[in-house]
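Presented sequentially are two complexes of chain A, the first with chain B as partner and the second with chain C.
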Partner chain A sequence: MSERPGKQAIGPSRKRRVRDGNRSVFIFLCLLPAFIFLAVFLYYPIEETFRIAMTKSSGLGPEPYIGFDNYAKLFSNEEFLAGLLHVFTWAFFSIIIQLPLAFLIAFSLTFYANRFTGGLRAVFYLSNVLPSAITAMLGRFIFAPKYGIIASLSSTLGWKWLSGIDFLGNQDLAFWSVFAIATWAYTGFPIIYLMARIDQIPKEVREAAELDGSTGWHYAMKIVLPEIGYPLRILAVLSTVGSLRLFDLPNMMTSGGPGNATVTLGITLYRHGFVNWNYGKAAAIGVVIFVLSLAFTVAQFSFGNRKGGETT
Partner chain B sequence: MSDARNAAIVRRGSRAVRIRHGGPEVLATVLLVAIAIAVISPLIIPFLFVFKTQLEFAYHPWAWPRQFYWNNFVDSWKAVRIDQGLVNTLIVSLGAIVTTLPPAALAGYVFARYRTKATEIAFYAIMVGYFVPAQMVLIPLYKMEVALKLNDTLYGLFLPMAAFGIPFWTLIYRSFFKSLPGDLAEAARIDGAGHASTFFRIMLPLAQPATILALLLVFIGAWSDYLLSLILLSSQQRFTMQLRVASFLGAYGTDRMPRYAAAAIISAAPTIILYVIGHKKIIQGTIAGAPRE
Partner chain C sequence: MKKRSIFALAILALSMIASTSLFAADKVKLTVWGRDIADDDAAHAYVKALVAGFQAKYPDIQLDYIALGDPGLADKTKITMASGSGLPDIFQSWGGSVMGGYADAGQLLDLSKELKTVPGSAAAAGAMTWKGKIYGVAPFFAVAGVFVNEGIFKANNLKYPTTVEGFEAVCDALKAKGIQPIACGEKDKWPGLALYMYLTNRFGGDASARAAARKLAYDSDAFVKAAQLYQKWVKAGYFGATPVGEGYGDAQQLMATGKAAMHITGSWMCGNYSDPNFTDQQLGFYAFPALKSGGVGKATDIMGMTDIGFAATKAAASKKDAVVKFLAYSMSPEAGAAEPGRIASMPGVKAKTALTGQATAVFASAKTVTFWWDQDLPPSVTSPLNDTIQTFFLPDTDVKKSLSAYEALVTENMGAVKK
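For the complex of A and B:
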């Protein structure tokens, strides 16, 4: 942000000194509403989160200061550790499954653009716009035992081995079932994001590649992939930060269960804060989520500084 | 800026068929269409179930319904009082729009057109909100709302939504105002228009594309919210659509699948109708708002 200040400003001309005062008043009045909102609902709660995280608080009565005790206890808390593990597992598999899938679809949609594939971008993005409650509902619809889509389709086909599985109630399958629904619901975003980036590659590059007789696969891997390396890294960071904040889908599909099988950091926060009314610990989890997502966001910007000049 | 790019994408889509790649293109097209059908099938299959009674469904889940049985819609509508939910969610969504857009447009305008050391600092102060996850502040937010008696009210829900949305939309408005030609405002100023009238009469109308994006995406965001509503609302009658869907999941489960399908269809309908109308704008806005280099 080193653009010259006032370069584009409608700055006060010398002739109109009278307006100078107005200018500051105008700036002040324009920024005031935004800052009132942020002060009340963001700056104050942020400060409070750090404070409450250092106290033993249940929302009622005194809040004795206990230093870093809440944080220390978190790291011996089975549920929290399960949440941490799931969140990073989730991020890892989002990156190695959803991103390559998104790349293949985005590339094919742009490379083989024709009458049939033209409208598909909107179809692939549709599930991203659905409220998470609807996504969870459809997820249960697919995986429900006995009457769910998988169960009833496989029993109609006579596949007994498949029709008896309770996907969301199974310790080993629940996590992957929720993950599958998330892949269905959220791969649309990387698809449209990558399509926009692939579309920026100059036509000449593609025409040159076609003249050289390179195949679609070769063009995708050798020319397009290097061009969108940076957008892919941004998507990887977004996936990671998104995983850290994961709450809606596992909470509505499995409530974190069975046991702790689908617990995330968001769910441990919710359970500690709003089920067990342990504000101190919940606030500490909030700080952990914040610090981790900040760390990954900073990583994104340091990528930007090192490699940003490479593309576009 | 992204208008031209998106126009290019759209044009490409509607171009006449020309099989240039032969076999691979045919194969890819078939695969892509198949995947797309699989992707929307969870939204289509409920229609196969919804017109059946539980009994018919249990015996012939995949057959064409023998007769159209509409009571599942009535049942699920009554079970979660969807009418009440629609009204509440509409109030929250409109409230979020009214409280998010004006502060963001004003601040974005100042950050684009009045660059000084002070506004630069203010800009970074607002961007703090862009990096703070809502989860982080849930506990103090809830405590504060209880103290102010804002909890379990609809405005107590959309006000913090606005606060979480303002940083992002300030950023969008800022980049939009930056992309407008400066001489327009200059001309207005020479004609004697004040700062405020330049903004309201000339610049804000020019920012209409950004405003339309914000209208659509803020509406969808507020409409879809689950976490904040779950924490802040406690009385049944104030529940938003998403909370009603979630409590339907908890209370009724999937034992009566046709009724479940009816609930899914009704509650997904508003979003899908909005998407069918505005999907170009929605996708364009999402790309424009995504982080870049």
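For the complex of A and C:
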């Protein structure tokens, strides 16, 4: 029996097709659990949030469709607008205060590294591992009127002008009091993150800079800062997205008050959904936070890429 | 012989397993969600006695009491009521519109027939009734009143006033002596509600009931006058220099340490304010006074609501008997006797302290009882109400404008005022 001519020519091709097919099935099966997980816990909730945002839902009973009514009402709601303003203000000052502060501390700890700086790393990072509830309690303990550290200390010293200041109850001060605690609590992570990146700069670069007569300040600004441009951009994105979702610290320190002085989008969402049983409006706020986070992340990376930053 | 022994043992073991299973099948399991842990804290004495007493009295019912804390109880209840699955048989409830919302959604068990005969105060029963149906019981009821530091009043030759105008004079006198007249704790927002409810009542009588029925706007005369007087008192320093920076716990400390002379709050504080471990001050409890002139409400118009209550869910439909036994036991003098400070709704429980006795007397003198607005109004407008009241504490607030914004929200959620 001789084989038909041409069979050998198509044999490898069929085998390859079968092999490719098996490979595709294998890849599909490997990806399936992850896809199911994402579909159930990410895509479906996102779709539901968009859907509920178009309804008047109390969580109990029917959910009548009301189109974009929830969004329209949000943008004329004082509390929501105050929350929007506060998260942008928070993001702006996080970037211009917390990031430079983190850079200065990270640079100092690496440039002037000695046997004490290892301990200091832990001290700076400690605030980051504390639960928000503890941080908020510490914040209240510091700023509380009458019994707080500042009030008690200033009373003891006879500084009435200071002991009478209501840091958390004054509309003009409450936001900045919470922000001060946040600056302490949230700067630990950027410090460690930047230190890891600064540590990666080859020692030869520093030695070369020193041979050229570079000072510490000059080295920081002209060599280190350009080297950590990409990590700084990531931190800026994290700060912005974190600000948009901000909830725990202001909620526990001031409950968003006095009035709307420290309200954030997260607090407004929580109040509408879980306190006022208005899940439609809460979902609409969730959509706004989602869209803004996405827009800012894309914008900040696009801006960085145009400037010639790293892309990976 | 050995085989026979093994066989006999196997039979014995099987019969034991079977009897245990049958016994377990006979034992009804009752899941109760509460707020407080059944521990040795004086404030939890009733819950502890209720759980232990019920288990001892009804060994055939397996009681699974789960303490969820605050706001854990409210949050978990709300989520399970929304999903309709995982419901407890009984949950701690304050009644009113929150419970009403669950009833309207068909999640509660109508026990009107079974609970009609359980003895208790009419106001407490009213709080656990929604649209004519009884869904639970309220063993304890709280009323808002004025806790007064008798020592400070005596030392300064002051007497508790009978009019709002006299109340202002007392506050001015205290302030002149360097004593903070009223402790509040408005950081937590809800503590300011009791006084606003009283002031609104004193200016407008049943204004709140008419506003809830949409026959009156929340920015109408009585509400605005009450808010203006409230803000005047804030500006006069009656609540101290930092009322919005202080929480409810801070307010309690001011009273406990004799740094504030009065505290307008619920009678649930009677237990703590009578406890020598909590305070060494001698305190009294009084009804909020009426206006001398131009007022409608009287000193016998009292604000209050359920202090501890329980309602049953539809999950308990198949074990109604056990549920009714638990609810009836919660209203028994046997369980209620352990409570050191709250006002008992059930007959036969005497006040343990003089302060509770005074609060009970205020409750007994009530000609009308108005339920807490933040429990009785629909949830969509209750938290914004407390937010609005907090704005009265801010010196630049135009209270009329704040109330108009609140009225707009009420109109959106409850409809416009019917002309």
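We adopt the following convention: the second predicted complex is superposed on the first by the 258 of 312 C-alpha atoms of A that agree within 3 Å, B and C clash if a C-alpha of one lies under 4 Å from a C-alpha of the other, contacts with A are read in each partner's own complex, and residues count from 1 in each chain.
In the analysis below, contacts are C-beta pairs under 8 Å (C-beta built on N, C-alpha and C of every residue); 3 or more make two chains touch, one makes a residue touch a chain.
Keep in mind that this is a model prediction, so the values were computed, not measured.
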| item | value |
| --- | --- |
| Partner touching more residues of chain A, whether chain B or chain C | B |
| Which of chain B and chain C A:Leu109 touches, first, second, both or neither | first |
| First (chain B), second (chain C), both or neither touched by A:Val40 | first |
| Chain B versus chain C as contact partner of A:Gln171, first or second or both or neither | second |
| First (chain B), second (chain C), both or neither touched by A:Ser127 | first |
| First, second, both or neither for A:Glu207, with chain B first and chain C second | neither |
| First, second, both or neither for A:Gly59, with chain B first and chain C second | both |
| Common interface positions of chain A, toward chain B and toward chain C | 59, 144-145, 147, 274 |
| Chain C-facing residues of chain A, complex | 58-61, 73, 78-79, 143-147, 164, 166-171, 254-255, 257-259, 271, 274-278 |
| Contact footprint of chain A on chain B as seen in their complex | 2, 5-6, 8-9, 12-19, 21, 24-25, 28-29, 31-33, 35-36, 39-40, 42-43, 45-46, 57-58, 61-62, 99, 102-104, 106-107, 109-110, 112-120, 122, 125-126, 128-129, 131-144, 159-160, 162-164, 166-167, 170, 178, 182, 185-186, 189, 194-196, 198-199, 220, 223-227, 230-231, 241-243, 245-246, 248-249, 253-255, 257, 260-261, 263-264, 267-268, 271-272, 275, 279-280, 282-283, 286-287, 290-293 |
| Touching residues on chain C, where the partner in the complex is chain A | 75, 78-79, 81-82, 101-102, 104-105, 107, 187-189, 241-246, 250, 253-254, 378-384, 387, 390-391, 393-394, 396-397, 405, 412 |
| For the chain A and chain B complex, residues of the former touching the latter | 1, 3-10, 19, 22-23, 26-27, 29-31, 33-35, 37-38, 40-46, 48-49, 52, 59, 105, 108-127, 129-134, 136-138, 140-142, 144-145, 147-149, 152-153, 156, 184, 189, 192-193, 195-196, 199-200, 215-216, 230, 234, 238, 244-245, 247-248, 252, 265-266, 269-270, 273-274, 279, 282-283, 286-287, 289-290, 293-294, 297, 300, 304, 308, 311-312 |
